[in-house]
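Below are two complexes that have subunit A in common, paired first with subunit B and then with subunit C.
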Partner chain A sequence: MMKRLSARFCEKFRLPLKDALFLGFCAVFAVLTRVVLRLHLHISGHAMIIKVFFLMLARGSTPCLYGASFTALLAGTAAMFLGFAKAGPLIIVKYLVTGIVIDAGAFLLPMLFRSYVLCALVAGAASSTKFFTAYGINALVGMDPVVNLQRSLLEAAGAVVFGVAGGLMVPMVVRRLKAYDVIK
Partner chain B sequence: MAGDRFSRLHTTLARGSHHDNRPDKGIPLPVGVKMLLALTLSCLAFLARTETFLGMVTAANLLVFVLLRPQGVSWWRQGRLFVFQTTVIVVLYILRFGSLAGVRDGLLISWQLFLAFWPTMVFAKTTSQAKIVRAMNRIMPSRMSFVMATCLKFAPHLLEEVRDIYEGQVLRGARILPKDLARPWNWPDLVHCVVVPAVVQGMALAGNIAMAARVRDFGLHSRRTCWPGD
Partner chain C sequence: MDVLLQLKNFSYTYSETKAAVLQGINLEIEAGRCYCLTGPTGSGKTTLALAMKGLLEKDGCSGEVVGPDPSDHGDFRVGLVLQNPETQLLATSVGAEVAFGLENLCVEPGRMLARVEAALSLVDLRKPLDYPVARLSMGQKYRLLIAALLVMEPQLLILDEPAAQLDPEGLAAVHDILSDLKGRGVAVVLCEHHPGPFLDLVDRFWQLDGSGRLSAGRWRASLMPSDSTVSKTAGGYSVAPVLLGVRDLAFTGHGDVPVWEEVCFDIRRGQRVVVTGLNGTGKTTLLRVLAGFLKPSRGRVRIFDAEPDPRLLRRRLGCLFQNPQKQIFENTVREELAFPLKRLGWSSREIPSRIEDTLRLCGIEHLVDDSPHKLSYGQKHLVAIASVLAPAPEMLFLDDPFAGLDGARQQDVMEILASWNREREMTLVWTSHDPGEIPSLADGHLHIEGGCIGWR
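Then we have the complex of A and B:
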């Protein structure tokens, strides 16, 4: 039943196979780059630089309206089943929420990938979802609300800083790809 | 140093699709059962509110660990993750309650969060990528699972190309060595010299795979008819 519904959804919003594969590569690299770079900064949220960069790149380099969400779904699934997830099955939600914010930003702001300021704003908004996901996960395990609020704010603060840094790299890449006529 | 990590990851990914024939050290459970077990244990960790319940979940995890006997678990990495997470939570609990009374609660919460992640790690260490993707085909649309399988299969190839680009740019004198990247003003160099060519390479590879799939009548059957290793 669930599979039939999702198949019908895919049929309705069919992606060209080439774009789907490129988004898949972005998803796999969003997960794997963390392992290659191993940024042991011990600052919460440093992985957001890679996550936001690849999700925004996926949306910016394909015409697909739900490119970031699709990439996020693939990345979350890959992270969970390849054993890179710190939040268990909820890692998919963490990726997906970020992807949805980026897609919404790209839908509402058509000039998004040409402007550094807009990219920074959307990247900041996408990274700030870390607060809600972290708060939700900690609330699920029954953490004290005040401690939960403090810990989620600590995590989100780092995530926003690194997310904005990741977002600021996107216009540079998209501009170069357009100059080489790789994307329209 | 970065080259070593590239090589290690490349080897791990390349082996992932080939070690299907390697005999399991533990009980050879079907992938679907293992997946369900991992998700159930992970969800139970979130639901555990009492010490007894958490103890039972820990015992179940230990039992699964002994039965499946995962290979290559990095105890140092997992231990460090747990210690770092516990330190932050316990310190916040002490600040909140102003005494050592919060230490116990902080430790329990941290252990719960650790147990939420542990089962999927055990699952990943005891199941090959090909089997995981095959199992995902049961819950995902076939097109999506094809994309996932193909991207995981070609990731080592693309990684190899990225490494070639990286080494070529280092030889050209680009400031992208790990010590250069410690300075954020060198990051645009990394974007221009490595990221942009890697994205172009990724798009070209995606185009080639899509064309190869099309000429082989990909999409003619709603279910996948061929799997790597069949």
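Then we have the complex of A and C:
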């Protein structure tokens, strides 16, 4: 019984080499693009455009149910070692929460990556996690709750705008990759 | 005879299509025999070749592919040269490309040189080992790939449409190689629309009927009686204005070697000119220079009374590249044809009907919503032809437009070109690697030989 269950589990969560490489590429590009395009725009949440785009691309390009979360884990770990956003190990959580929302969206909406509207919605939802992560980190350093709430809401609003922009690019790219037979 | 490979009730379906490309295929390949696989464009010949090589995804396969007993034959090596050689080339220089297979077989470096040179001389590719692969013509790339496979001594050699890329000299060289290989017990499978040069070698013909079924026999295109419009000249072009004038033109290639020089000719409105020459004589280079994509080393080109500039020629000149993969880039065939029309400012009401008409003329209207990147080489070629024809430019440059097309499709394309030439006075210049077969469509023949270009 246990053997059968474990075999079914392994089959369900099997990650073929091609998909693993694709997720790895997305994680690398998510980090590299941020390194190369270090824009000091002083606009809150502008990094979300890259993060959401690559995480959604990772999920949209592979049948892997946990594609975005796995990519987020890889990218978050790399970002931690590169010292992004001065968040230390908490940056992994920031990436991971976004990835989990994208995976959940893809699970609930099978047509997600063909529709601009659905992609915008899921990207918005994924980006809105910025509020919780920002609030949590600010609370950890002892910020006044009222100030923290206002500040986190402002940061999340910026992140949602940029995240939606990142999400809107995904259907176009997925469609092109499918047309070229790069992905199934 | 030893059976090298068997397909038993083999079927294959591509993941994004519902209909099987191959259905219930049963075949045996014996050592030392030559088989020729025929069938219309897009019937699944290349897919069957990929199945023999074991390159198809397992998910879409059913049935059995049985190789030889390893105890008798050791590692069973299958060599496959695809129709578009550029998809298969790995190295940047000629020598490295041929040596790559030997490296994989763990041959000692000291022994490689002689084997690489012998393989290159077998296919009659006389280039230095450090010659850049990117500078070879399509025909030369095809020869290079054959050499790269021969050096690994395959037991089964599959060639996909060799006649589409090789000139008569190249085909004669391949014929001799295949004859020799047969004698040494190597099995050969040719996927070929025009098996003429290999008829004496072929032991057995197979045909794919377009529905995925394989049967014995040779498929022949049911050609309609040739339309008199194809052979009739538009007449009167001798008094038409000169659209393209070339004076004292020369082009220098790799290593300061002249490709051709002292080229002079005029092409008038409505003329239909074929440019012939063997592989690597500079046919594609000539078209590129005439279209302004390459700068000549000397001389003058006047096209539509101006220096050639691709930006200024956009509305007036259409170019078909030899490799359709370099030309098509949109997601669907419909979008591919719509792209030039949108760029040229056609109204959104006119575009759908023009797309429909052009696709119907080319016989590919059923592919309108398919991705052009997943089609067969011949179908890609038809899509590329349709996309350059759709805006009806005044002049068309076509680089080997009939490569990879079966007889019926070739005739269809010729009919379209002839009718557009007659009705719209479209000037046509196209290349061919077979100087012996000049289509009746042509009313002028430029030939390239020994670095000289002249009328024949």
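As a working rule, the second predicted complex is superposed on the first by the 171 of 184 C-alpha atoms of A that agree within 3 Å, B and C clash if a C-alpha of one lies under 4 Å from a C-alpha of the other, contacts with A are read in each partner's own complex, and residues count from 1 in each chain.
Just so it is clear, a residue touches a chain if its C-beta (ideal position, glycine included) is under 8 Å from a C-beta of that chain, and two chains touch if they have at least 3 such contacts.
Quick caveat: nothing in here was measured; it's all calculated off a predicted structure.
In the superposition on chain A, A:A78 makes contact with subunit B only, not with subunit C. Among subunit B and subunit C, the chain that touches a larger number of residues in subunit A is B.
Judged by the document's definition of touching, subunit A residues 176, 180 lie at the interface with subunit B and also at the interface with subunit C.
Within the complex, the subunit A residues that touch subunit C are 175-176, 178-181, 184. Listing the residues of subunit C that touch subunit A in their complex gives 15-16, 330-332, 371-374. In the complex of the two chains, the subunit A residues touching subunit B come out as 2-3, 6-7, 10, 16-29, 32, 35-38, 42, 44, 57, 61, 74, 77-78, 80-83, 85-90, 137-138, 140-144, 146-147, 150-151, 154, 165, 169, 172-173, 176-177, 180, 182.
Subunit B contributes residues 2, 5-6, 9, 13, 35, 39, 42-43, 45-46, 48-49, 81, 84, 88-89, 92-93, 95-96, 102, 105-106, 109, 112-113, 116-117, 119-121, 123-125, 129, 132, 136, 138-144, 147-148, 150-152, 154-155, 158-159, 184, 187-188, 191-192, 195-196, 199-200, 202-203, 205-207, 209-210, 213-214, 218-219, 222 to its touches with subunit A in the complex.
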